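What follows are several structures.
After this come two complexes, each holding subunit A, first together with subunit B and then together with subunit C.
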Partner chain A sequence: MRFNRSVAALLVGLVLVASIVLLAPRASYSRQDRDATLATASRQHPAGTDELGRDRLVRVSAAFLLSLAGAIAASAITTAAAAAVGTLAAFGPASVGWLAMLACDVFLALPWLFLLMMVRSALPLTTSPANSAAITFLVLAALGWPACARAVWRGALNLRNAEWMLHTRASGLRPVQIVRHAIPNLLPLLVPQFLVCIPAFVIAEANLGALGLGVGEPLPSWGGMLLELDNSAMLMQTRWVYFPVALLVVVLLLLDAIAVEVE
Partner chain B sequence: MKSAISIARWLARALAIVVLVIAGSTVLVRFAPGYLSDAREMDSRYAVAARVELSQETARSHSLLGMLSAEIGGWAKGNAGISRQYDVPVSGLIRPRLAVTGGLMVRSLVLAWALAIVAALFSSAGRNPAAVWQAPSTLLLAIPTAAMATLCLLSGCGGPVLVMALLLAARDFKFLHRALRKAWLEPHVLQARAQGIRTWRILRFHLFPSLAPQLAALATLSIVTALSALVPVEVLFNVPGLGQLAWNAAMNRDLPVLLAITMIMALAVTLSGVAPDRAGEWRSA
Partner chain C sequence: MSSEALLRVSLEAAYPGKTVLRDIHFELRRGEVLGLVGTSGAGKSTLVLALLGLLPWRGGRVTGEVEVEGENLLARSERRLREVRGRKVALIPQSPMTALNAAISLQSHFVEAWNAHESSGRAALHARMRDLLAEVQLPSDPDFLRRRPPQISVGQAQRVLIALALLHRPALIIADEPTSALDPVTQAQIVDLLRRVNRRHETAVLYVSHDLVSVLRLCDRIAILDCGTIAECLPVDELSKASHPSTRALLDTLPVPLDLLLSYRSSTAVAPLQLVIAR
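Take a look at the complex of A and B:
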C-alpha cells in the first residue's frame, strides 16, 4: 500500500511540474524561437528545442498532460460502456446477452490498430489538431470496451448466481433495483479495468502518432515526439531528443505499477 | 458425431463474425466524416478534368448497399476490390506480401515463446525473487513498439524479428510465470518433486499437459498481439509486408486496400481461436 501511495504521489508530482511548466509566462507549445533551432539544453530552454525552435520541455509537458487526460477520459468511457454492456448481457434476457457477446466477439476479432487506422484515414483532410486529438481518444474508447465488457459479464454472471442475488429476485425487486445493487459489487472489477486501460491507451496513442496517424501538429503528442528520433541530424546535435521517450517510459511504468497494485 | 456438430457450429459462428466484420467495417468507413474526400483532389499535379472525374468516381460509391455488394463481389471474384491508389486488384497487392508477413510472424512467435518459456521456468521454479525476472518484462511492456523499433534502428542492433519477439515474450512471460508458479505448487507436483522425479519428467508429464488449454489460449493472444505490432515494426524497418501496405493505404486513404487487410486480419484472429477452442474436444473425442 505504501508503494502504491509513493507511486501515485510521484505521478501527481509529475502532473504538477508539467502544469507549472505550462503555466509559466511565455510558455507556449507552438511558440518558435527561430534563433535557437535544434538547440541543446540552456537556461532559456532547459531541455533544448526541436528543429522549429519550439521548447522541448514545454512540448513534453503539454504532451504528457494531453495524453494523460485523453487516456483517462477514454478509459472512463470504455469502462462505463463495458459496465453497461456486461451488466445488460448478464442480467438481461438471454437473447440480449447473446447479441451483446456476439458484438464483443466481432470487435475482438479485429486487431484494434487496423480498425483505428481505417477510421483515422477516413477523417476529413482538414481536421483541426484539437479535433484529431479528441477523435483519436474517442476512437480508442470506442474500440477498447469489448475485452472489458467480457470480464464484467463474467463477474456479473457470478454475481447473478450469488445467494443474496437470488434472494433479492425472490423478494420481488425490479430489474433496475437489482442492477443498482449489483453495480457497487462490480466495482472491484471495474476499477482495475479502468486503471489497466489508461497505460494501454497512452501506448496506443504514441504508436499511432509515431505512424503519423495520431494527434495533429502543432499540438504536441508522445507519438509526434517519437518521430523526432527519425531525424539523424537532430540526434547528432543533441541527446535531449531522447528525453520524451525516457519520460514516456517512466510515466507508463508508474501507471502500470498503480494498475498492478490495485489489481 | 457430437464433436462434428460442435465444430460445424463453431465454423458457422466464425463465418457470422467475419461477415459482420465486413458489414461493420464498411458501414464505419462509409459514415466516417471524410469518406467522400479524396487526397488526390487536393494534389495540384492532377488536371482540373481529372479532379472532376475523381470526385464523380467518389460520388458513385455513395450508396452503402453498392459498397457492400462491391466489397462482397470483389471477394467472390477473388480480387478483393480495386485499389484507389494503384488502380490494380487488391489481391495482387496482398498476395506477395502475405509470405513476408507470415514469415516475420512465425519467426517472431517462435523466438518469443522460446524466450518466455525459458524465463518463466526459471522465474517460477528458481529461488531468485520474481522481481528479478519481472522487471525486464515490465520495462519492455512500457516501451511503445514504435519507440523500441526506432531505438533498435538507431543502435544498429536487432531487427524486426527481435523487436516483435521481445514485445511478445514480455507479454507472454507475465501469463506463463503466473500459470507455472501456480502449477509448481499443485499437490501432485509437490509430491512428485518430493519423490525425486526429475524436473524434465515433471514438466513433460505433469506441468505442460495440465497447462495445455491455457497455453493454447495464450498462443491465440500472442497472434493478436503480433498482428497489432506488425504495422509499426514493418513501417519502421521498411519490411514490405501487410502492415506496411496497410499504413501506406491509410496515409493515402486507399480504403479498399485497408478494408481488405482488415478482413484478412479478422479472419486470422478468428481462425487462430480454432485450436484452443477445439483442442479439448479433439483430445476427449
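Take a look at the complex of A and C:
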C-alpha cells in the first residue's frame, strides 16, 4: 500500500511539474527558435530544442499531459462500454449474449492496424491537430473494449448465477435494482481493467505516432518525438533527443506499477 | 386458522433431458405450517424455485399450476410474478452467507427490498425495520446496519434473511432448509423464531428440510418428497400411521422414539431436547 501511494505521488508530481512548465510565461510548444535548432541544454531551453528549434521540455510536458489525459479518457470509455456490453450479454436473453460475444470475437479478429491506417487515410488532410488527437484516442477506445467486455461477461455470469442474485429475484426486486446490487460486485473487476488500459493506450498512441498515424503536428506527442530517434545524424548532435523516450518509459513503469498494485 | 387454501400446487418440473418433479400435488392453508421432507437430491430446492417461478433462471422448465390465493402464478407474466415475490410469497434461503450480497450493507438490503414493493418513504421503512429487527432479536443501531454480510455471523445473517422475508408481511413464507448451515443452538433458535412468526402473524410456512426433528417441532402437516413426487402427506400427530417405505425409512433415522418427540412438541422444553439429540 505504501509503495502504491508513493508511486501515485510520483506520477502526480510529474503531472504538476509538466503543468508548471506549460503554464510558464512564454512557454509554447510550437514557437520556433531559429537561432537554436537541435541545441543542447541551456538556460533558455533546459532540455534543448528539436530540429525546428522548439523547446523540448515544453513539448515533452505537453505530450505527457496530452497522452495521459487522452489515455485516461479512452480507458474510461472502453471500460464503460465493456461494462455495458458484458453485463447486457450476461443478464440479457441468451440470444443477446451470443450476439454480443460474437461482436467481441469479430472485433478481436480484426486487423486493427490496417483498419487504423484506413481510418486515418480516410480523414481529410485538413483535419486539425486537436481533432486528430481526439480521433486517435477514440479509435483506441473503440478497439480496446472487446477483450475487456469478455472479462466483464465472465464476471457478470458468475454474479447472475450467484445465490444472492436468486434471492434478489425471490424478493421481487426490479431489474434496475438488481443492476444496482451487482455494480459494487463488478468494481473489483472494472477498476483493474481501467488501470491496465491506461498504459496500454499510452504506448499504443506512441506507436501510432511513430508510424505517423497518431496526433498531428504541431501538437506534440510521444510518437512524434520518437520519430526523431530514427535520424542517426541527430542522435550524434545531442543526447537530449533520448529525453522523451526515457520519460515515456518512466511513466509507463509508474502506470503499470499502479495497475499491478491495485490488481 | 381458516380452512381456505392459500397455496394449491399441481406441477411437474424438468431440467433439459431430465424430469426432476412429477405429479406434485399439495395444498397449504392460511396460517398452516407444512413440512416438506426429503433426502438430498429428492427435488426439494427445485420445488422451491418452481413455486416462485424462478426455475428458468436455473435452466429448468415447469408446467402445471401454482395457485396463490386463487391466482395461477405460472400463467402470469414475469412482471406480475415480480409483484408477488417478496410481497405475497417470501423466501428464506438455504445458505445465509451466500444469499446476502457481500458488497453492500445490511441497511441497503432492507432499502432495496422495501423499494421493490413500497413507495412510502424512509420513515415508514425505519419504523418497520425497528419492529422487525427486534422481532428477530437483532440490534437495530446504525452501526450494525452499516455492516456488510461478511462482518456478521451466520446466525445473524439467517435472522436478517428472516427479517427481509417478513418485511412486506407475506401470506406465505417458503423456508428452504433455513437451519442446515447453522449450529444446533442457533438451529433451535431459528425454528422457535419461525414458530413465533407463524403464531403471531398467521403467516403460512412451507418448511423444507431434511431434518425431521425440526420439522416435528414446527409443522402441522408433513409431506414426504421421494424420487421427485410426494410419497405421503399427513398430519404430524398421525405420523406413526405412515405407511410409505420412504417415510418409514426417515422415521427410522430418528434418534429418539417418535412418540417421545411428539409428546414434547407442544411444550417449551423442546429446545433442550433437540440439543441433546443434536449431540
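Here is the rule we go by: the second predicted complex is superposed on the first by the 262 of 263 C-alpha atoms of A that agree within 3 Å, B and C clash if a C-alpha of one lies under 4 Å from a C-alpha of the other, contacts with A are read in each partner's own complex, and residues count from 1 in each chain.
Going forward, a residue touches a chain if its C-beta (ideal position, glycine included) is under 8 Å from a C-beta of that chain, and two chains touch if they have at least 3 such contacts.
Just so you know, these numbers come straight off a predicted model, no measurement behind them.
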- Scan A:Ala162 for contacts with subunit B and subunit C and give back first, second, both or neither. second
- Task: Examine A:Ser171 and indicate which partner it touches, taking first as subunit B and second as subunit C; both and neither are also allowed.
- Result: second
- After lining up the shared chain so the two structures overlap, which partner does A:Ala210 touch, if you call subunit B first and subunit C second: first, second, both or neither? first
- Query: Is A:Val245 touching the first partner subunit B, the second partner subunit C, both, or neither of them?
  - Reply: first
- Which partner does A:Asn185 contact after superposing on A: first (subunit B), second (subunit C), both, neither? second
- Based on the superposed arrangement, let me know which partner A:Ala9 touches: subunit B (first), subunit C (second), both, or neither? neither
- subunit B or subunit C: which reaches more residues on subunit A? B
- Mind working out whether A:Trp112 is in touch with subunit B, subunit C, both or neither, as first, second, both or neither? first
- Message: Using the superposition on chain A as set up above, list the residues of subunit A that contact both subunit B and subunit C.
- Response: none
- Can you list the residues on subunit C that touch subunit A in the complex? 49, 52, 54, 57-58, 82-87, 90-91, 93-95, 98-104, 112-113, 115-117, 161, 164
- For the subunit A and subunit B complex, residues of the former touching the latter: 102, 105-106, 108-115, 117-125, 127, 199, 203, 206-207, 210-213, 222-223, 226, 229-230, 235, 245, 248-249, 252-253, 256
- Partner subunit C, residues of subunit A touching it in the complex: 162-164, 166-174, 177, 180-181, 184-185, 187
- Query: If you look only at subunit B, which of its residues touch subunit A in the complex?
  - Reply: 13, 16-18, 20-21, 24-25, 28-29, 32-35, 37, 39, 42, 138-139, 141-147, 150-151, 154, 224, 227-228, 231-232, 235-236, 246-247, 249-251, 253, 255, 258-259, 261-262, 265-266, 269-270
